[in-house]
Amino acid sequence: MQNAQAHSSRRQMTANVGFAALAVLIVALLVLPHYLDNYSLRLATTVFMYCVLAWSWNFIGGFVGYPSFGIAAFFGMGSYVGAIMLTQNMIPFWLSPVCAAFVCLVVAALLGAPILRLRGHYFAVASLAIGEVFRELAMNWTALTGGGMGVNLPPLRSTFGTDSQIFYYMFLLLAGVTLAVTFLVARSRLGVAFRCIRQNEEAANMIGIDATRAKIIAFALSAAFPGAAGAIYASWVGYIDPSDVFDIIISVKAPVMVLLGGVGTVAGPAVGALLYLAFEEIVWRNLLQFHAAVLGLIIVLLVLFMPNGFVDASRRRKLLGRA
Amino acid sequence: MGALLELKGLSRRFGGLMAVSDVSLDIKPGCIMGLIGPNGAGKTTLVNLISGALKPNAGEMWFKGARIDGLPAHRISSLGVARTFQIVQPFPEMTALENVAAAAMFAGKAKSLREANARAEAMLDRVGLGGLGALAATSLSLGQRKRLEFAKSLAMQPALLLLDEVNAGLHGGEIDEAIALIRSLAKDGLTILIIEHLVKLVVALCDEVAVLHHGQLIARGPSADITNDPRVIEAYLGERYSKRSQKQQPVTDATS
Amino acid sequence: MFLAQNLVNGVLLGGLYVCIAIGFSLIWGVLNIINFLHGSLIVLGSYIAYFAFVYFGISPFIAPLFIMPLMFGLGYALQRSVLNVVIGKPVLITLTLTFGLDLILNNLMLWGFTANFRRVVFEHPFPTFEVHGIVIPGDRLTAMALAFLLTLIFFLLLNRSRIGRAIVAVRNDRDAAVLMGVNVKQIYAITFATGVAFAGAAGSLLSVVFPISPINSGILLGKAFVICILGGLGSIGGVVVGGLALGIIESVGAMVAGPEYTVLISFLVLLVVLVVKPSGIAGKLGYE
């Protein structure tokens, strides 16, 4: 009895410390823009965007275990939805990520139903093919998308602060939302369903889990947030074209970041995103010509030597949030 | 009350092979029915059809008065049909308790995590795994894993329990424990369909027995009668023994 | 008439495509690895053929004779060193690994050869035949014929040689193969190396018909995907069917919708096949 009490009060203390640390972190992130130069601000903003992509992939690839290579498909789709709606003056800027997320959610739910019947390699190839089809559509449907010439977006010119600061906060907010959803899902019945499906889909069906529905939800979630990110990205960089926003490397970056940080955990993807960006920056600064090769090398080394990432298995259970 | 489960003309083929052929059967509530037949007779396929893991090519399935053929497995589970697998399949990365709680949570319709965990603890106790909940499911012995399957099925609060060769791989003592557990479950009102190779067990445990051979139901009735049935003996041992048995004492241990 | 010409074009193209996909299909079918390097390896083969042609005057039709052993060695080394580590690991790991390797190879080629398109230009261009008003370029015809020859050799190797039988055994039932004394590790290495060798050969033949640049790797890889899924994994017949089918689909598609739509059409076909019949036309379902 005494032991249990001591144990639970220790856990309470750890939880309190955790919350305090989190609060400090949030405050720090909120005031950071005032202390950073534009370049560092851009880096931080990119980290948040990468976190969104990594957490998104984590829904379908980490929790449910279906290796999706379709993140780029919806990042690109979101970029174009945002860009088109903004250049046609259909919506105010702050609404573009919301619309993009919604469109991607619906499209992913529709496409998910047929392709989630596939497993392993076939699913991976199908998810990849979706991205390629979207890219080619964007390339060829010139009337809607401007084709290979891309879309130019108007600069923000807001009264709330510099453009860089606004995008920092937008991506921070999106990252926060994605994290919150990840956390909630991990601790919910849906999260348990995801885990059961990953470990044994047949058995999951046998204990009453509607695996098809759960998978579609995971896939839709893994599309909605990249969609929003794509829309914000379009406004941020001011110009998008199909080979940029539908680039297959986006689809590979997401799982690599999650692998780096630890698959199926809540914190892992963020850790991975941070590490990945660090590597990327170092490589860009010093080895521009071999940028792709060095990234390839990092990926190879990661896969060969660290398939479980930095956040190891024993911590994994706590961070996943026991349901 | 009528039958709990009614199968009417159920058929299932794989390519050119009729694994289950025009099977009609009904199981009354509270009954323990044995399902026997030589290897390849279609017993597991029949259980797969009932649980929804496979869809029938023809025929109807009625459960608690409602039609269930064509429903997906998770729906059938939620309606009250639970099954164990011949080759046990726990969720490998979860503890025993988590495995059972998951079953309680979904098909078992537990209203909260606490309820699911509580029911899981109770079921683990029921099957004799009390106190082992925190162990990783993969660290359990085969006998324990089979009981874990029981616990998961029970956590779903089923009306009908399908047991697929629960005794495969178990030694004598474990088998006795399994029989005792099944008996006590039936006493609690559970309806059970049990696939079993050991005819001795079937006779001891089951009220009624159904015999499959080449996918067809060739005999059905009280267990004592079935072991004397010439068609059954023929199915297991061939015509020669069947004829012989009709002249002398019935063969009581017709294992294939 | 127009349709007929396009069909013929499609078949000529398709024959070549078969060669593109053979190595890819073999590696997927036996090692259960989707080889993202494949496109870049084909391009590498093209470059070797190109330089052999420019500096030594060796025809790309003959070049496979030395390109294949060279690439075989490369593939063998690569498999035994790096890929062996991930045999049997989940899809995510193997796909990401080969993707990373492809990034390296592609970048190195871009740096070494630049993205500028190279073309193999013969001094005395191949004759063009005309049959009933249908134009058949001699170079494409020769390329197709050689592609089929290579496919035939591949088929014979797989079914008549001891190594080939071992490869098939491993593909069908790995554990049984081990029990029968097959050195599976060695077979994996040889299989991968063979796949790479055929990629190189395909590259050599392609160099006659298409311009060469590392930029093309992605497109070639995409074609290999489509061919394997369309035709079905697990048999050479499947690759042949898939290759011809893709060739025809592309030609007719270009005729109907315009050449800029060929990639879109082929990936749409891929998706439809995956959803409707993943085992493809001739198919047995590959590994999952």
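Chains: A, B and C, in written order; residue numbering restarts at 1 for each.
Everything below uses one rule, namely that a residue touches a chain if its C-beta (ideal position, glycine included) is under 8 Å from a C-beta of that chain, and two chains touch if they have at least 3 such contacts.
Note that the structure is predicted; figures quoted are calculated from it, not measured.
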| item | value |
| --- | --- |
| Identifier of the chain whose CA centre is least distant from the whole-structure CA centre | A |
| Pair sharing more residue contacts (C-beta pairs) when A-B is set against A-C | A-C |
| Far-end chain from chain B, centres as C-alpha averages | C |
| Separation of mean Cα positions, chain C and chain B [Å, integer] | 50 |
| Averaged-CA centre spacing for the pair chain B and chain A, given as whole angstrom | 44 |
| Chain A and chain C, separation of their C-alpha mean positions in angstrom | 34 |
| Chain A - residues contacting chain C, complex | 61, 67, 69, 114-115, 117-122, 124-126, 129-130, 132-133, 136-137, 139-140, 248, 252, 255-256, 259, 289-293, 295-300, 303-304, 307 |
| Residues of chain B defined as touching chain A within the complex | 51, 53, 72-75, 77-78, 82-83, 85, 89-94, 102-103, 105-108, 113, 152, 156 |
| Of chain C, residues touching chain A in the complex | 28, 32, 34, 82, 85-86, 89-93, 95-97, 99-104, 106-108, 110-111, 218, 222, 225, 229, 260-261, 263-264, 267-268, 270-271, 274-275, 278, 286-288 |
| In the complex, chain A residues that touch chain B | 189, 192-193, 195-196, 199-200, 202-203, 205-212, 323 |
